[in-house]
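Pasting in a structure now, in structure tokens, and then I'll have a few things to ask.
Each chain gets a letter, A, B, C and D, in the order it is written, and its residues are counted from 1.
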Amino acid sequence: MFYREAGDFKTSYAADQSILSIKLDRYFVIGLIAFGVIVVPMIGNDYWLGSLLIPVLVLSIAALGLNILTGYAGQLSLGTGAFMATGAYMAYKVATNLAFLGAPVAIIIGGLSAAFAGVLFGLPSLRIKGFYLAVTTLAAQFFLLWLFTHVDWFVNYSISGVPSIPPMEFFGVLISGAEATTEARYLFVLGFAIILGLAARNLARCKMGRGWMAIRDMDIAAEIIGIDPLKAKLSAFAISSFYCGVAGALWAFCFINTVEPGAYDINRSFQILFMVIIGGLGSILGSFLGAAFIVLLPIFLNNAPQWIGLNLTSDVISHMEIMIFGALIVFFLIVEPHGLARLWQIAKEKLRRWPFPY
Amino acid sequence: MTETNKLDTFPKLLRHNAEMRAKRPAIREKDHGIWQSWTWAEVYEEVKAYAAGLDKLGLKAGDHIGIVGSNRPRLYWTMAAAQFLGAIPVPVYADGVAEELQYILDNAEVTFVVTEDQEQTDKILSVQENVPTLKQIIFDDPRGLRDYDEDNLHDYVNVVDAGKQVVKKDLAWADRMIDATKAEKASIMLYTSGTTGKPKGVVLSHNNILITARNAVDLEGLNETDEVLAYLPMAWVGDHIFSYAQSLVAGFCVSCPESTDTVLNDLWELGPTYYFAPPRIFESTLTTVMIRMEDASKIKRKMFHYFMDHARKTGVDILDGKSVGLLDRIKYAIGNTLVYAPLKNALGLSRIRLGYTAGEAIGPEIFEFYRSLGINLKQLYGMTEASVFVAIQPNGEIKADTVGVPAPDVEVKVEDNGEIMYRGPGTFMEYYKNPESTAETKQADGWVHTGDAGFFDEDGHIKIIDRAKDVGKLNDGTMMAPKYIENKLKFFPNIKEAVAFGHDRDYCAAFINFDLEAVGNWAERNNIAYASYQELAAHPEVYKIMKEHVEAVNRSLATEERVAGSQIKRFLVLHKALDADDGELTRTSKVRRKFVAERYEPLIDALYSDKTSCHIETEVTYEDGRKGSISADVQIMDADTFPFNATAMAAAAE
Amino acid sequence: MTETNTNSRIGEELLSVNNIDLSFGGVKALTDISFNINKGEIRSIIGPNGAGKSSMLNVINGFYQPQVGHVRFKGKDYTPMRPALAAKSGIARTFQNIALFKGMSTLDNIMTGRYLKMHSSFIEQALYIGRAKREELEHREKVEEIIDFLEIEAIRKTPVGRLPYGLQKRVELARALAMEPELLLLDEPMAGMNLEEKEDMSRYIIDVNEQFGTTIALIEHDMGVVMDLSDRVVVLDYGRKLADGSPDEVSSNQDVIDAYLGVSH
Amino acid sequence: MEFLYSIFVTPFVEMWTAPEFLAEVVLGGLMSGIMYSLVALGFVLIFKASGVFNFAQGVMVLFAALNFVGLIDAGLPIVVALIATILIMVALAFAIERVVLRNLVNQEHIILFMATIGIAYFLEGLGEMIWGGDVRPLNIGLPDDVWFVGDILIQQSEVFAAAVAGSLVIALSLFFQYTRTGRALRAVADDHQAALSVGIPLNHIWIVVWAVAGLVALVAGIMWGSKFWVQFSLSTIALKALPVLILGGFTSIPGAIIGGLIIGAGEKVAEVFWGAAYGGAIEEWFAYVLALIFLFFRPQGLFGEKIIERV
């Protein structure tokens, strides 16, 4: 309906292959980013920024990571939480012992260590597939978390075991620790989300992404084309884990301000998996939509009763919340197994065809 | 203007553009997935080299060079290169079978032929020995031609490369050739599809084409930013003016579709600003729009029709800048965002500044439909012999049933017998090797017979009713213009073709071809099963619909004194669709009235007897050229006629 | 893509398989098979179902490792050949039951065929700069040539999953061509096609062989098609070589007539 | 040095010096192993018959137990409560087939897997909503004195549990051998197409397996509940069942049992004798790492069919 594609023709492959090759989409996304960077920090209050947007963005990054592994390369993983934890703990180590490197470097090093762990636990993927692989990633989940909780070196021998993140600056602005302003932390996280989102999109449309999808769709055919399954799978594990690691670090640095194992347990892994499935396997956009959906849904369920005027005891609500959440997941899988991204796609197609039905 | 005055030949214009608009796109082609573009400078270089190459192969001034293929940049460049050397390009309808080609190539005495691809090349090779003058054959797309060892067969690329050497050595060569070109010399030869008899080669000079083209450009204010899709046959004068001459004059870019079957999508991608299409294309587009909307959800359909009705009421006035109530304007604006603009976008018409239609009368409601969307669609009246423009509808005063006022520098008059005559800069030089036809069409004083009958209406607009020679008289003396009646019939989306008879008869009767797409769709919706056109043609329900249409036509005829007497008493639905491959239509799908009359004589006799059905056996030609025959019992139906009364206008309008 | 002079199309030996024995858990699939393929020729391997045709192909490009014998390609012995090696050294193939990447568009499927020819680094790809971008565009051009060659412009951006069988086969061929192979293995390229599609496919196969000078080895059990396509034909039956030679020689060979024509017609 | 010592020497010394302690540890391990086995059994049943990887199995254990104990606390006699719970579990199977599986037929495994996670959440919420979230004791009068064999003390409840588990396995294998439905299930497990072609309605089969899995869950729930009380932690043992499956093979019933016992005993022994060296709690991951290592040598598990890949 709003699309005016007639006359928006391509005279070069560069234009034809650019992401968002449709004018309107381009404007929309640019506008959205501008809005997120400029307007949101001005209008958003601490609750919105601090309790909704930051977690959504951070988990989006993790979802991107898992989507690269599961959605693009077709390798199921239940160890997302562990890789996030790796990122968080290593970033914390760097931030405390090599503070001069600064927050971004610390976080990236966190990501790299996660990537390393990812490759390590990804090795079995060469021999085993599907749910068997899921088990090895579970091993990662439990083993790594156990490691971080039982080896005090990771927490600088702090007694509590949940050390808090030191305040760190980025271009003179405090972006981590309790004192950092919500706006600063939000923008810092947003920056990561945008860059990593873009990078993921680029990888997906280049040689590497095609390698992953080839392995996912038909590994035999991929092999005769010369795609090395080892390279493809391990690169997927590495990059995926890197994303998760960065997300984990950001979670610690910019959201909860501490490094605590509870934030990266098995339930986190499942939560991210939900995001990817609900958002849409093999879709960058889906990762963001999924994260938003999964984070906001419980909050909505939590407040919905009051809005419609029922007041229930808190534990009834919490039980109901779990119930409805589960029910919605099932419902959603039945309605659209390909996730929000697919719904978006369909809606977009409808608008492009408008007023025609097809 | 002043600066373009000296630019009186195509090569001079091309050189001029290469200097003035070096960096602007001159031509595009959808190829390998994107719109490959060439700037004016690049085109000029290419054409220079190409011309030199042709020169080397022995193409001389005054030679004729045949061009066989669909719209391709290299074929347009062939025109330019030929004109460079003072040779005369002769574009030929590429979908014609070998025999048709042979006649034209032989008649034109072509020495060179440039083909698009293997298919066309094969055709030429098959008729080569019957075209004694033919020396060299050049092909554009080498696919599949690598094994051909004929030594007079050349790859376009090699020709150009050879030329490049020449141009490099002799820098002044190009300019010498260009300056040598003469405005009054022949620049192109186009064969009229010839509704009767063999096609005739119409010779047109640089002046003919360029002056008329330039006049139209100035009149309509076309400029270098316009976009045109070149998708109509290059052999047709319209394409030559719109996609070639005017592009050079105004400097706008011409784009060639990827292939004939991707035209619709390419049109959509390109979104031209200047667009020409014969009525049948607008018609079929409208039909598909309506059919596709049928499948839309109920609400959407309601919305669509609601706003289309509103557009019908106010759209045209808004387009013509007449005064429209604020409320209606607001409503139109809403409709525009919800329906009109998206619809235009979906059809690839959203950027159109100027749209032309011509060749035959367009149905009023079809015409109105597009105009009410805010598309500035205009009718024009023209012919090859006039380098197209005889009359154009002036902006702001468009009437569905006229073709507007005489074009700039063109005089028009109506003979006593009702025939329209014109005189103007576009008047052709001659019919090639055919002085007698030339003489009988073109008078010494420059007036040219159009062969069309018509008249000026109260505000000076020309109204065409039929071919002059086709206008006949019933036995009781009342005049009947078959085309006029046929068009009224064809304005119904359900009716594709119609042939009316009545000259020297007691009453009017008609053959009808329904539109398979429209009626077929109707059949599906009313789950009427059918296997073929023939089967559907025999269906009583179909007959019922056609009867309604015929009677509607009769009603509207009854409102016009001059033709009220020529209402259709009896009609039949033909058992097969009239087809160019069977020679029933011309390549531009005009009905070959005489041929049809002879071919279906028994049916005509039946129409003028009291039979209610008639058996007929017809030979048909399939796409692949095989012949077969189909037989059918065609039933004949009577239709009600009405007495003349001008007040029935309202009724007729419905 | 290399042009070749059509008159002397066929050159020296490109590949040979020597005394191949292959068995799965005691079940003999191939027994002492030897034959060679010359540069530029169209070589057919025919035989009734279960004659070991596909196994033969799988040995050539390294899916199966024969217990005995070796594959010789471009004068180099491979014991055994491996899929990765095959791809690197210039052997491409298609599968009997189409093995396309269902989740990708036609374009991406064919682009994947260029995988080994792309060398951009991870960073370049992530940022879509430098070699990454350049390669994407260059290879897109090459791929478009192939798309044009096989006349699949219209489905360029359609997900292959949605394509009809015949077109999928064509896309798979396109993907193999994108590798610019020296030897192209086609596993029943015309299986399950109607006559018209078969004719198209044979035309493409011939065009590929002539225009790009690609050597082609193809499996078919429909004898008719093979005979007018191929320069030489090997006939297998129950994992043994029955005959080897020009189409006429083979089709006049008594064993073949008994074993093969008897079976399928 | 001393670290390595604590790995390679001390534990074995301890075992050697106190064999009866070792034995008790092993027995204790086997006990929880049986629990794993029972859960794994549920997994296998469903996976065999429908290829669905039922993450909800663990929660089903909790759900069954909650209902059972809830009904008893509500004053119903045990037998009635038992029957009622059985009915509930069967009804649950019906519901799941009707609402979920039927609508997700022919979806990729991961989708179905996700769906079962959804079911898990739902059941958990539902169970706790009805019966409340607090820990409940479950006493159905299982014997709880001890026997002494030599110096080794054996919990009668453990023996009982083992007996129950054993008889359950036997019952199931009989069911698979001798009932029409049972054979049908095997057919489906071997080859869906074939099963359909011989005219076995898939939906029907799904209901049966889910119901059976529900009953197995109930048994497990009762065992576990009466030993450690009915509490949320029940649902987490579901995950422990995964390595069990890796060991036993996803499709083998005896495998599930053996695997469960190995894991159970193994992790106890590891915890008791090695745990200290690493600061304890190695139970958490031992099972998985064991499975992981195991995977390298025998991906198809102890009893699973070999996975063959053909081109």
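Simple rule for what comes next: contacts are C-beta pairs under 8 Å (C-beta built on N, C-alpha and C of every residue); 3 or more make two chains touch, one makes a residue touch a chain.
Keep in mind it's a predicted model, so treat the numbers as computed, not measured.
Touching subunit C and subunit D together: A.
The fewest steps needed to get from subunit B to subunit D, moving only between touching chains, is 2.
By C-beta contact pairs, the most connected chain pair is A-D.
Centroids built from CA atoms put subunit C at 42 Å from subunit A. Separating the CA-averaged centres of subunit A and subunit B is a span of 58 Å. If each chain is reduced to the centroid of its CA atoms, subunit B and subunit C end up 48 Å from each other.
Centre-to-centre separation between subunit A and subunit D, using Cα means, comes to 32 Å. Among the residues of subunit D, those touching two or more other chains are numbered 311. Counting partner chains per residue, subunit C has residues 63, 140-141 touching two or more of them. Each of residues 33 in subunit B touches at least two other chains. Those residues of subunit B whose C-beta lies close enough to touch subunit C in the complex are 31-33, 144, 146-147, 258-259, 262. Touching subunit A in their complex are the following residues of subunit D: 53, 99-100, 103-104, 107-111, 113-115, 117-126, 128-129, 133, 239, 242-243, 245-246, 250, 278-282, 284-285, 288-289, 291-292, 295-296, 299, 311. Of all residues in subunit B, only 25, 28, 33-37, 227, 268-271, 292-293, 295-297, 300, 303-304, 337-339, 341-351 touch subunit A in the complex they form.
Across the complex, subunit B is touched by residues 6, 140-141, 144-145, 147-148, 153-154, 156, 207, 210-211 of subunit C.
Residues of subunit C touching subunit A in their complex: 61, 63, 83-84, 86-88, 92-93, 95, 99-104, 108, 111-113, 115-116, 118, 120, 122, 125-128, 132-133, 135-137, 140-141, 175, 179.
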